[in-house]
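Look at the two complexes coming up: chain A is in both, with chain B in one and chain C in the other.
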Partner chain A sequence: MAETLVFQLLNAMVWSWVLALLALGLTLVFGYLDIVNVAHGALYAIGAAVSWWIIQATGAPLGGFLLSLVVAPIVVALIGIVAFQTTLRPIEKQPPIYTLITTFGLFFVLQHALFLIFGGAPRSVDLPVATLIPLLDRTYPLYRILMACGAAAIIAGLWYVLHHSTYGTWIRAVQQNRDVATAMGIPARQVTLVVFAAGCGLAGLAGVLAAPVLQVRYDMGIDIIIDAFIVVIAAGFGNILGTIIVALIYQLVQGVMVMMVTPVQGKVLALSLVLAWVLIRRKGLLEREKRR
Partner chain B sequence: MRFGKLFLFAVIVAALVLLPYLSGRFTRTMVSEILIFALFALSIEVIYGHTGMLSFGQAGFFGVGAYSVALTIIHANAGIATALMASVVSSAAIAVLVAAFAVHLRGHYFALVTIVMGLILYYAATGWRSLTNAEDGLSFSRPLLFDSYSLSEPLVSYYFVLAIFLAVFFLVRFLLLSPLGRIFRAIRENEDRVRYLGYDVVLLKVLSFAISGALAGFSGGMFALFSAYANTEFLHWTLSGEPVMWSIVGGIGSIYGPIIGTALLLYLREGLSSYLIHVYPIIVGTIIIATIIFFPGGLAGAIKTRVAHVMAKRASGK
Partner chain C sequence: MSKIAKYKSTRRQFLASAAAATATFSSLGAPHVLAQSKRPIRIGSTQDLTGALSPDGTWNDRAVKAAVKKIMADGGIDGRPVELFVEDTETNTQTALRKFRSLVLQNEVDFVIGATHSGHNIATAPFAKELRTPYFASGTALETTTDKGNRWIFRGVNNIRQQMKAMALVAMEKLKPRYYFVGADYAWGRSLVKESKAYVSERGGKIIGETFIPLGTQDLSAYMNNIRPDEFDTLVLGMTAGDGMRFLRQAHDMGLTRKVTIVGNIAVTTGSNVPDLGPGADGNWYTTMYPRRAEYVPAALREFDDYYRAAIGVTSEGTDKDTGRAANLPYSFVAWQAVHMIKHVVEKAGWRTRDDHPKFIQALEGLALKASRDFPQGDWSMRAEDHQIVHNQYIERIDGDQLKVIATVDKSQLSYPPENDYRKERL
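After this line comes the complex of A and B, so read on.
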């Protein structure tokens, strides 16, 4: 019992980093561009699928995986760029709620396009690092630990870029006041495109990291995107630290509850808590009060 | 113009009444489904088209309505009217409960809370297997209509759906053209001014969401009656997006738009889905994106501007 609890908590802690990575892509795009990207889950699935292809093509579990860590986010970001320029740029001046409907359409297009190319059968990706660590009479795959570390490193890098680089300053400037930023010579159009592409790329990265743990399916994004949305809503949009903390709490609570109630009941409980939280606070956890 | 509109309306109703004699089972079933789902789309017109709050959790109400019908018939031996009433009451009650808190949120946040609400209902339904039988669903035998007509008869079923559709359509039309509908539209345009005029905006928004939820629940109840079946997929979040898409394509802000959109997209789905089940969503996704970019008013909006254009031309020509 105690052993199971340890493993549940370990799994939750490991998985929360992938969830945080996925949620960060969402929160970045919403916090800085006012776009709720429903298609995020489809982009995550595309990232995983690209990773599967590369590993199949190279025939090397580790080499192919490392290659896909670079290639898949770029592919997904490029898809994001095309999608942004063709579907979201033309409605920039419309009410922001329109973006929710547009990305819902995008979600349909991308997910089913992936089905046509990838097929409906689930496929598995070999663990890039097959080592098992002995732990409490059992073993734990080293890859999962590395996956969590990788996700954490990416998040740290993102935080650094946003807060300690010139481009990050530009991004924050465009979010605060686009007109003034443009007047100061910041290429606002380019900045918005880069932020959207980065958000999509993060979804692709999360897909690559998750592929060896889960099965790769064209609709693998449907369930996890919901978790990501929950995390984003509870954490408040555009808040990196809040996203990490909420992802961790959400996963831990679910991991512990799974031992007492069924997974579905756990989900209902977790969702109800988040809903109550948002409705009572009317704001995300840790969200800065001043944000408009 | 007024006469022309009335004439067009009479022709459409006449065509719908004569339809079973002019076409086969396939078309009849499809039209029945379109009529039921058009009510589902109208629920979006009430809350989003008129009141300006986008709900992405309508499938929750749809499923609750469907299960209300199934459960009251199975466990309480309810008649058709009672079962349908149950679907309206239960979904409206949930809508009021959620709206009482959620209407304070604006824009994206309201939409997101409705998504979460839909999810909670979905997971609760899948988790409560003893009641809902999850994705395997519940089949039931339908009670007789007026104690004498069986809904298994194709013609009875079709005219039942048509009559209900027309009745609800006129009810919704009456409601939206009434002063209440006008205040809903005023809230959409400028909520603060409506508040300054002395209206209780919170109450009105709750009312709007309750009407919308009741309508969605009712359409779910009708669909359950029509197919003698309900399962938890009726509550899935992807179904919540459907009425939004139908309404957008048909044209939001007009009571005819959502109906036109539903007819068009469901017709397309029936036509394509038999052999292109995964191409249909791609086409629909493309249509919805194209509509938002090129015809923000949807098909109804496009027709309206076209007609106005022609009328203006004729007037100036004379």
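After this line comes the complex of A and C, so read on.
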């Protein structure tokens, strides 16, 4: 029992960082641009698929994986830039519901484009690091720990950029008052584009990190994006620290619950807790809408 | 004279009346019958062309189209051309129902070939009855031909009970007797576990435990931590492609697959080349309806198999000849054979219009046909009571980068007492 508990806690902590990374892209784009990016899940899947292609092309699980950590987010960010300029820029001054509907359409376009190119069957990605760590009387994949560390490092880097760099100051200035920021000489149009591209790039990065654990499939974004939205809503859009904490709690609850009840009951309980949290704290979309 | 004249007059009148009657009849009923008999036979096909089961749907679609092409090249069905109407269900049951109704009511199709998705099959069954349209199910959940079926639905593939019985027969003979069961938490996964457990218990196997995992769960390790591989020898896996592959990947990463043999349903491998299944798949056993590699097809069926593979563009290795991706032979043959079943039964029953559907259904009930180019899977029989086909089943094992047949289970071992007798329903 104690061993199982240790493993569940470890798992929850590991997976929560990947979930937080994915959720962070969502919260960044909404928190700073007021865009609810439903296409985030499709961008995550594209990141994973690009990773698969690179690893296949190079024939080196580790080398290909490291290369894809650089290339995949760039590819996904470029897709995000094209999508932003062609579909979101024309409606950027409209209420968020417009962007929600637009990105919903984008989700289908991107997902089905990936389906046409990648096919419907899942593909396996070898673990870049196949080492198993002995832990109690079991083993645990080293890659999972490295994956969590990687996600945590990316999140920390993003936080640093947002709070300790000139560009981060510009981003926050545009978020607070775009007109004043523009008057101060901040290139607001460029900043919004960069933030959107960064959010998309984060989705692509999460896809690369998750691919060796989850396998790659064109519709892999559907299920995980639901968890990401749950985390973001419970944490409050734009709240980086809250996103990390909620992702951790959400995973911990599910992990511990399955020791006592069936997996489905565990999922129901975890979702019920999140729902109760949202109802009690009201730190979600609604409160931000009121402030505006 | 007058009598003769009268007689002649009467005869003329008779002939005139007869001609008029013929003309009148011709202008009313006869052209209708004539037109109906010349009208193409319309076959509808609802397939999961997009969405989660698209690897199944795209191959089913290819098989249906190839079968219609072949039949047209051979002169049609009973000399009549075939018109095919294809609809995409988007792997969504509500869409599947809407498309089924549209095919019947707007396109006026005579028969419908359904998808591999059991949810679609079960949901469509009452509508097939209501709209009086024979429906050919391709999914394998047991309920389709038990309490959820009716006289208007036929299944041309062994159901999950028959498939897992085949697996249990071979596994209990060749593997150690302690079993653990993992299933996706929905009808098909639960059905697979239930049927497997029944046959394993019946043959003296020991059931160690079971776990059902919600569909679409990404990180499965939380559930795997509750599974102790030192307590059992064989893990029965009731998951399909996406979930199943994630399980195999993560089970391997967590060290689970090194200690136990995983057995399951071929649905895990659908559309995937063996290397794509990952290291967790090596040594797995799968129950299947159709060997992936032609070299494992029984000699008596080789000619038919060669023809079928060529018709749908599949190599002897079981891959798409254009892309090199794995074909979905275990399910696509069901669609191919369904089109040919329609042909054979229409011709046997003398079916001409939708009014003849009762004759069609009665002719298919209890029908048994031999292997041929039309039925490359082998001999089969359609049980009259529950409209469930019975055919041979294979057990394949993954060795390196190949799926190898390690056992063939004869159809005589896969029958079971029918739970329903649809013949009691009036047509």
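Assorted remarks:
Convention: the second predicted complex is superposed on the first by the 283 of 292 C-alpha atoms of A that agree within 3 Å, B and C clash if a C-alpha of one lies under 4 Å from a C-alpha of the other, contacts with A are read in each partner's own complex, and residues count from 1 in each chain.
To be clear about the criterion, a residue touches a chain if its C-beta (ideal position, glycine included) is under 8 Å from a C-beta of that chain, and two chains touch if they have at least 3 such contacts.
Since the model is a prediction, treat every value here as computed from it, not as a measurement.
Bringing the complexes onto one copy of chain A puts chain B in a clash with chain C. Of the two partner chains placed around the shared chain by superposition, chain C is the only one that A:Asp223 touches, whereas chain B remains out of contact.
In the superposition on chain A, A:Ile91 makes contact with chain B only, not with chain C. In the superposition on chain A, A:Ile233 makes contact with chain B only, not with chain C. Of the two partner chains placed by the overlay, only chain B lies in contact with A:Val36; chain C stays clear of it.
Contacts of A:Ala2 after superposition: neither chain B nor chain C is touched.
In the superposition on chain A, contact of A:Leu279 is made with chain B only, not with chain C.
By the touch criterion defined above, A:Thr262 reaches both chain B and chain C. Applying the stated contact rule after C-alpha superposition, one finds that A:Phe107 touches chain B and leaves chain C untouched. Shared-chain residue A:Phe115: touches chain B and chain C both. Overlay on chain A, chain C versus chain B, candidates 97-105, 151-159, 223-231 or 349-357: the clashing stretch is 97-105.
Comparing which residues of chain A touch chain B with which touch chain C, the overlap comprises 112, 115, 222, 262, 264, 267. On the chain A side of its complex with chain B, the touching residues are 30, 34, 36, 38, 87, 90-91, 94, 96-98, 100-102, 104-109, 111-113, 115-116, 222, 226, 229-230, 233, 262, 264-265, 267-268, 271-272, 274-275, 278-280, 282.
By the touch rule above, chain C contacts chain A in their complex via residues 50-52, 54-55, 58, 185, 211-214, 216-219, 221-223, 225-226, 241-242, 245-246, 249-250, 253-255, 270-272, 275-279, 323, 325-326. On the side of chain A, the complex with chain C involves touching residues 4, 7-8, 11-12, 15, 112, 115, 119-124, 126-127, 132, 138-141, 143-144, 210, 213-215, 217, 219-220, 222-224, 227, 251, 254-255, 258-259, 262-264, 267.
Across the complex, chain B meets chain A through its residues 54, 56, 101-102, 104-105, 107-109, 111-113, 115-117, 119-120, 123-124, 126-127, 237-238, 241, 244-245, 248, 278-279, 281-282, 284-289, 292-293, 296.
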